[in-house]
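Listed next: structures, encoded as structure tokens.
Two complexes, one shared chain (chain A), two partners (chain B, chain C).
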Partner chain A sequence: MKISTCVTENGVVLLEVEGEVDAHTARKLDKTLKDLLAQGHSRLVLDASQMGYISSAGLRVVLLTHRKARQLGGEVRLSGLNAQVRRIFEIAGFDELLRISDTRQESMEGW
Partner chain B sequence: MARNTTILTIPNDTSYLPIVGAYVMAVAAQLGFEDTDVGDIRLAVDEACTHIIETAFEPGEEQNLTIFCQRYPSGLKVTIADKGLPFDPRSIKEYDAHGGLDRELSGLPFYLIQQAMDEVRFVNKGWEGKELQLTKYLKVPSVETYFPQEELRPYDTTVEPAPPAKYRYRFMEPADAIEIARCIYKVYGYTYPGEHVYHPERVVTMNQSREMISAVAVTEAGKVIGHCALSGQPGDPVMEVSQAVVAPAHRRRGVMKELVDLLMKEARQRGLTGLFVAAVTVHPFSQRVTHKYGFRASAVLLGYAPRNVQMKKIVDQELPQRETVVYGYQPLQEDPCSRVFPPLHHRSIVTRIYSNLGLEREFASPEASRLSIEPSPLAPELPHFNLSTQIKSALGIAVIEIAGYGPGIEQEVKNKLRDLCYEGIAVVYLNLPLGDPHTAVVCQHFEELGFLFSGIRPRPAKPAGPEGMSSGDLLCLQYINGPPINYDLLQIYSDFGQELVQYVRERDSLA
Partner chain C sequence: MKTRASSPFLRIAAKLENLAAIRRFVEETAAALGVGLATVTDIVLAVDEAVSNIVVHGYQGQPGAIEIEVKRERDALLICLRDEAPPFDPTNVPAPDLTAPLEQRATDGMGIHLIRQIMDKVTHRKTSQGGNELLLVKRLGENSEDFDMCN
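Up next, the complex of A and B:
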């Protein structure tokens, strides 16, 4: 799994996650997100268009980050989920908690 | 190794999870699962392996997990076997997929497994370790895709009888499957508890794999007008007689009797020791018919099927409560007298059940000194218990079966029960080995948890050395996790069935 991050002009952090997020790789995602929160970044867009899979460990990391981000006045948004990854978010009921958009551009709007 | 099985063994290390994912996805895709189902199977297996790796071993302990993929015509069974610590249901909390942002997440992995698979089963094999068995069925077109809706309307039961005709009785051929599914649909609507019957392709593959043996009655023109089947797992010594239908215009001509006779003959040839039926109690007709064919009530399974089993079309016929069934049994072979250890307080009804079935049993009392299932100076090393749990999601029920007692068994059942109740399982059935002396004593402890007497399920006896035959029969208990049963609504045909229901009712504190 590869993660790349960049801070946009308006302070929103864009994370591109490539590959599979399982119990093993979720630790890396967790560390990256915790570091961003610790640096004061709470507006996070997770571009999952290159994400092939996510397990409950990955879902957990996303939701716990979203909770913390909300406390800091921001949130986690997701974009570009493929059908299978989107289905996992829906089975877990996370689509009711997180803003999920088709494109990265939509997620970057309206902060 | 069986020809339908592939095996992958990995170290208990989460870095191997992608290999497991690639393996099960490849098997599932080759078997013909749709992409969504392939993804679901991968998710369930990944979650199961993760849970085992993270909870079943001591830190630093190096062990393996073995993942068996068994291909069946009807689908895929994935078994994950390990020799780590027993599964602890207390570690799981309920997961609410519609809860708020602060929802509890520890139950999420098992929630995903349940949602992704059709059947989930935990098997504790004592010192040999434990297994988590996950089954997914292939999606195949249902009967609705083969016929326009007007051809699936319920049969007109007031229809004039068909002209006198000769019928042929034979085992099904693949070309019959669509008509069988239509026949069942037209009689039961979408209410038959067992979704397989509505999928003609699945009926064909299950007959090929011998999970199902279908007999049909056909007219001289070759039209299917009746069906009845034996179903069970290949190798089961006792199979179920089910899916019995005769088109109304051809009823009262002995069609069903011919079908049942054909199946019984086949069952005897296959060496089955007995057959059983689960007859509904919303009306007495099925019980009357099965009684006529020699089945005798031996258990009452309260709340066995949901009120709206597969009720996609006939909502106005929703049942007033979960459907109770009468379990009827018929031996097919001479049943040798074997030894049973019924609890003293149920001895009289157990005697009545065996008498009603025409089965001879030696009633034994356990020696108190041999009964400890907790370690003691006399018995410092006791065998590990052997317990399995099967969840039947479509029916909302679970079956816990104990094959052997050992230290911690009562706590294990208590934990399982709590876990299953958390998951919203409506009824939990608990089967105890009547040939094991501990059953005589431990049964009462389970009843103190809220389990009620249900009855007996006869099974083949097992040789027990010079002491003679040990009974394979099961003593059945049941736990209702929901509204109390209204016993006044149960329609019971036979006198003994009524006696059995009354016995259960008197012990049901909520009745």
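Up next, the complex of A and C:
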């Protein structure tokens, strides 16, 4: 799994997560997101268009980050989920807790 | 991959680093047994969740092994997971409340929830050697034949 981050002009952080997020690789995602929160970033867009897989360990990281980000005035938004990854979010009931958009452009709007 | 009683099985160290290799094994084996792509994808997730539970809650960081056997019995795919960890029955884990608001939403128990949603039957038993045996059954047709234990 690879993660690349960039801070956009309006302070929103865009994270591109590429590969598979499981109980092993979720640790790296968790650290990246915790570091961003610690730096005061709470508006986070997770571009999952190159994410091939996610298990409950990854869902847990996303949910806990979203919860913390909301406390800080922001949120986690998701974009570009493939059908399989989206289905996992739906089975877990997370699609009702998080804003999920088809494109990263949609996720970047309306903060 | 080895073959025991004509069923493909994998014996591998119980480490989270091995999850990707386990997913590839289940993916390739289920596909070779004629299971459709969408169902294979679901089953791979269920096995990943079950193995993650064994590593984290069963072995709790201690070294050990997991054995994964995949076989097709007519209209069902059976996955049997065996380990030598202290007894841990994931089927006793309560389901998370999916209607709870964000602040109260539990993050534990999501793995077994996904397994229950995907698989048609999940059965745990302690083995005579003191380990665990978890049978995951996915029906592939309308047949209602029942499966209770790994054979």
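What we mean here is this: the second predicted complex is superposed on the first by the 111 of 111 C-alpha atoms of A that agree within 3 Å, B and C clash if a C-alpha of one lies under 4 Å from a C-alpha of the other, contacts with A are read in each partner's own complex, and residues count from 1 in each chain.
Following the convention adopted for this analysis, contacts are C-beta pairs under 8 Å (C-beta built on N, C-alpha and C of every residue); 3 or more make two chains touch, one makes a residue touch a chain.
Fair warning: this is a prediction, and the values are worked out from it, not measured in the lab.
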Clash-or-fit label for the pair chain B, chain C on chain A: clash
Touching partner for A:93 - first (chain B), second (chain C), both, neither: both
Partner chain in contact with A:59 - chain B first, chain C second, else both or neither: both
Partner chain in contact with A:44 - chain B first, chain C second, else both or neither: neither
Which of chain B and chain C A:76 touches, first, second, both or neither: neither
Which superposed partner A:36 touches (first chain B, second chain C, both, neither): neither
Partner chain(s) touched by A:22 [first = chain B, second = chain C, both, neither]: both
Where chain A meets both chain C and chain B, residue numbers: 20, 22-24, 53, 55-57, 59-60, 63, 66-67, 70, 84, 88, 91-93, 97
Chain A - residues contacting chain B, complex: 20, 22-24, 53, 55-57, 59-60, 63, 66-67, 70, 83-84, 87-88, 91-93, 96-97
Chain A-facing residues of chain C, complex: 16-17, 19-20, 23, 41, 45, 48-49, 52, 55-56, 98-99, 102-103, 105, 107, 110-111, 113-114, 117-118
Interfacial residue positions of chain A with respect to chain C in the complex: 20, 22-24, 53, 55-57, 59-60, 63-64, 66-67, 70, 84, 88, 91-93, 97
Chain B - residues contacting chain A, complex: 14-15, 17-18, 21, 35-36, 39-40, 42-43, 46-47, 50, 53-54, 96-102, 105, 108-109, 111-112, 115-116
